[in-house]
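These are the structures in question, set out in turn.
One chain, chain A, links the two complexes that follow: it is found with chain B in the first and with chain C in the second.
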Partner chain A sequence: MANPLLRVSDLNVFYGDAQALWDIGFYVDEGAVYSIIGSNGAGKSTVLRALSGLVRPASGRVEFLGSRVEGKGADVMVDLGISLVPEGRGLFTSLTVLENLELGAFTKRARPKRAKTLEWVNELFPIIEARKDQQAGKMSGGEQQMVAIGRALMSRPKLLMLDEPSLGLAPLIVKTVFEIIRTLNEQKVTILLVEQNIHQALKIADRALVLKTGRTTMTGKGDELLADPEIQKAYMGTLRKGT
Partner chain B sequence: MKKKTQIGLLVLVTALFAAVPLILDSEKSYYVYFLFMAFTFIALSQSWNLVAGYTGQISLGLHAFFGLGAYVIAIGWGQEIIGFFDPLGMILSGLIPAILAVVVGIPLLSKLRGDYFALGTLGLGEILRLVFIQGGALTGGSAGLMLPSSSYTSMLPYYFIALFLAVFATVVTYLMVQSSLGWALKAVRDDETAAAANGINILKYKVLAFAVGAFMAGLCGSLQAYYLFHIHPQNFFGLNWTLYPILMCVLGGVGSITGPVIGAIFLTAIFELSKILLPEIHPIFSGLLIVLTVIFLPDGIVRLGWFEKFFKGRKTESPINLKLFTGKEK
Partner chain C sequence: MFYLPPIDILIQILINGILFGAMYGIAAIGLSLIFGTMQIIFIAQGAMIVLAAYGTFWLFHFFSMDPYLSIIVIFPVSVIFGLGLYQVLFRRVARAGKFPSLLIAFGLMVLLENLMSVLFTPNPRSVRASYTAYGISALGLKISFTRLMAFIMAILATTGVSLFLKKTLIGKAVRAASENLESATLVGITPHRVNSVTFGIGIGLAGLAGIATATTYSFDPYFGFVFSLKAMIALALGGMGSVVGALMGGVLLGVLESYGSFFLTGGWADVISYAAFMLVLMFRPEGLFVRSSDSEKP
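The block that comes next holds the complex of A and B.
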């Protein structure tokens, strides 16, 4: 593809005086799944926070659909089509599931299509539709994650960013979450995934980037990284050696 | 409750209160004065409810806007710009605090979160109190300003304006939280990061709620100024004008429309009774009530089991974290 959907180059982010990201660069093709992996505190979430406009990068370029978007506010980013499922899901816990979903279509671009998008989301997550009048904070972790993804989809994103969707979920639910990501991708949603569950994240990814203390240590195709001995040693423990 | 029932209930209650002066002698009856105070507290409670209960920004600066509204009337009347029960003057006494809320709210709400925001607003009240003490002839210093009390003719206009303010604050809050704007406010309250990630300009909505709340508080201040005719910093910038409405909201039920109304009427009654029966220890009594409420009833009267069953049919919880007052996580 000639032009990627998202191109990030030389991204530097600071929290106060502390530099969290050093010269991060990568690109996400339209229709792809791109994973950012790394351990705790590597800066994975910071990349997503910078891309969604929640933190302002100190320098660097972010090109989305061919135009520069770095430094724009979060509300502008969502309207442009970059949507984030925040870490820990971030549901509006006192509101019902349906209200959460409807709030997802808050932007001017998404609001007129709300009813139609809701149908699509309900089709993707039949469990959610059955529980639409329940208070969101009272649902199980897996269900909450589905509502969070559904809510992000309500803004009709061109790029869906997921921040550790498997966090705190039982292994079986984690599998379901990754199946959902795969289904979404089949429906032409481009996905930028941040994960600590490295094995799953690499398996699903077309391309991936490995972050370590704010710097890029490796990039490559998902399956190549999965087979890389360095990655296996550093992130997956020795049990995987035999496979 | 359905929307029609809600509106019907509002009209009915308003009509009942409006009929009270027909039965009681407004010049002699203590109950008319009591309801006048209760209505003022309903409006103040709704102001806090909108900012804290629906937007999640716990403000301790209600008295700053209340006092400022009162001083707009006092200074305006002294300079002969504003007259007695001047509608334009009263609107001005709401607008000026609202403008202050925008000017102060933008830096406060963008930089400070949670308890730090609460302390920032507490500072605002202190600053205003000192400014008005140091204001020289314009503000009358710590003795304050005396207004021509001979203008007083009857309790009736006070009663009806207070009733209007209570209904106004309740209806404005109701309309705001029922619209898509209300969704945005509640989203900001429940999770700021997620709200921003969903395309909600969080600062804009926080400042808006803060300003509308300040408008209501300023109006209450102006009515109180017309009633007391003596505006001085110790009373009008007193912390009670913030703490009582908070207590009323919490006791009645934060983040609900009926909660502040119930809480304000109930607590005004308790405070008035304790003033009569326990005049010496009244402040201790109020303090004790605050402690008991946050320990035993942090979700409020409207969230008691039987109350919810009767009106709503489902159990809810207080949507805001009262950690600042209770010291424990929700």
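The block that comes next holds the complex of A and C.
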């Protein structure tokens, strides 16, 4: 069996004395979309924060491209190829859109390819190019999300992690965001997605993991989990089935 | 009885205040940069300025080096000193939060003051070049040459720092890290790197302010603390995170003090500037020269 791009095993994370993640383990194959779902406070974001290097795991292994990377800082992780679009987008709002993108290619690895990557990002998001000199904070929520994804792509990630990219966006924009994720995946970008929009997140995912209060309750293929009666009952209810 | 002096005197005071205040401005820009990335008030900035003033003084004293020529020594040495200072004193504690860094800055200030006092004696010093007392007369006004030079240095420094922050990638990284440190590390900006850059520039500016101080004032080892306070007031007036705002804040403070000490007394001038400091913090904490939309944080 070929080695997966990312393999996480027995990951434990604490915030102070409180344990936020318990023995989390999963793997992401190259070219796949992997979704982590669960309700508010289940620890989904914490997984991404630990993998991006913002939070140092207490124990466990993170193997990326075959080498151990756990405990490295966020500035190192992005150079290795793991890029996070944080919850709430985390744009530099006082900087222009173009400056945000330029800084996206700050790493040694990405800097020489900056002009070429920018062309690619502009192609993906024509709206970005049209408004490149605008202050990022003055754009609409959906546009900001695109700039945030574009900025992460500027680092030439091998693994793109998205934390709640649909949060706070109008339904029509949410659809666009998921279309973008699909397009990126078609262009061979491996994606690790955290979402509360469970229906969409499972539909798009090759595999997925269900988190509940910091522990894994289920893993499996996206469509299997989507059809699972327990998941339907626990997370989607009857009203939200169609979303 | 209130006495209103003729207009040319009022203008003369205004000009003196502007020239005077530009120096506070240079110091405030340094404070603003360091505050932006490390979130601490670098209270030792004034002591650094005095140290640079001593540097200027000794270069003049021993090598007869013209104070303005000594920029080519003082400025690069200050920048390197700033970079080293961060690596040696602050790098280790930067992760532990602001409080240890603030204490170290305070300790550094006291250490430098006492060290300078022992090494250089507490006697006031000043650089007396041939042009120190020279003034330019125009339109019935008299402008001190050394203060005019200080003002020009302030304008050039402000322009230089602004261009650095706007045009260079590392300058953009400093702005990004000042706004959102977590996002900055996510794109690969190492906090230590931007911190040491801001320290390098901040102390470099202290070097320039030191030259300006040595040529315009007489100074002693303990002169710096008040300078730090004044820079802090200038920063509060101008608004954190704005380079031009910091300079304007310094100029405004200089004008306030200048009129304050003319109409009242020197002591009252300080009362007025500290009162202005508190009033601005109470009613317009984002600063007077920052458009409110620019200071918005998400």
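Heads up, the rule we're going with is that the second predicted complex is superposed on the first by the 237 of 243 C-alpha atoms of A that agree within 3 Å, B and C clash if a C-alpha of one lies under 4 Å from a C-alpha of the other, contacts with A are read in each partner's own complex, and residues count from 1 in each chain.
As a working rule, a residue touches a chain if its C-beta (ideal position, glycine included) is under 8 Å from a C-beta of that chain, and two chains touch if they have at least 3 such contacts.
Remember, predicted model here, so these are calculated numbers, not experimental data.
*Asks:* With chain A superposed, do chain B and chain C clash or fit?
*Replies:* Aligned on chain A, chain C clashes with chain B.
*Asks:* Let me test your reading of the model: by the given contact rule, A:D79 touches which partner, first (chain B), second (chain C), both or neither?
*Replies:* Both partners, chain B and chain C.
*Asks:* Between chain B (first) and chain C (second), which does A:G90 come into contact with in this model arrangement: first, second, both, or neither?
*Replies:* A:G90 sits against chain B and chain C alike.
*Asks:* First (chain B), second (chain C), both or neither: which does A:E102 touch?
*Replies:* both
*Asks:* If you stack the two complexes on chain A, which partner ends up touching A:R156: first (chain B), second (chain C), both, or neither?
*Replies:* Touch status of A:R156: no partner.
*Asks:* Which residues of chain A are in contact with chain B in one complex and with chain C in the other?
*Replies:* 52-54, 73-75, 78-79, 83-84, 86, 90-95, 99, 102-104, 106-107, 110, 151-152, 155
*Asks:* Which positions of chain A touch chain C when the two form their complex?
*Replies:* Residues in contact with chain C: 52-54, 73-75, 78-79, 83-84, 86, 88, 90-95, 99, 102-104, 106-107, 110, 137, 151-152, 154-155.
*Asks:* Hey, which residues of chain A end up touching chain B in the complex?
*Replies:* Its residues touching chain B are 52-54, 73-75, 77-79, 83-86, 89-95, 99, 102-104, 106-107, 110, 135, 148, 151-152, 155.
*Asks:* Note which residues of chain B are touching chain A in the complex, please.
*Replies:* Those in contact with chain A are residues 180, 183-184, 186-187, 189-191, 193-201, 255, 316-317, 319.
*Asks:* Can you tell me which positions in chain C touch chain A when the two form their complex?
*Replies:* Listed in rising order, the residues are 169, 172-173, 175-176, 179-180, 182-191, 294, 296-298.
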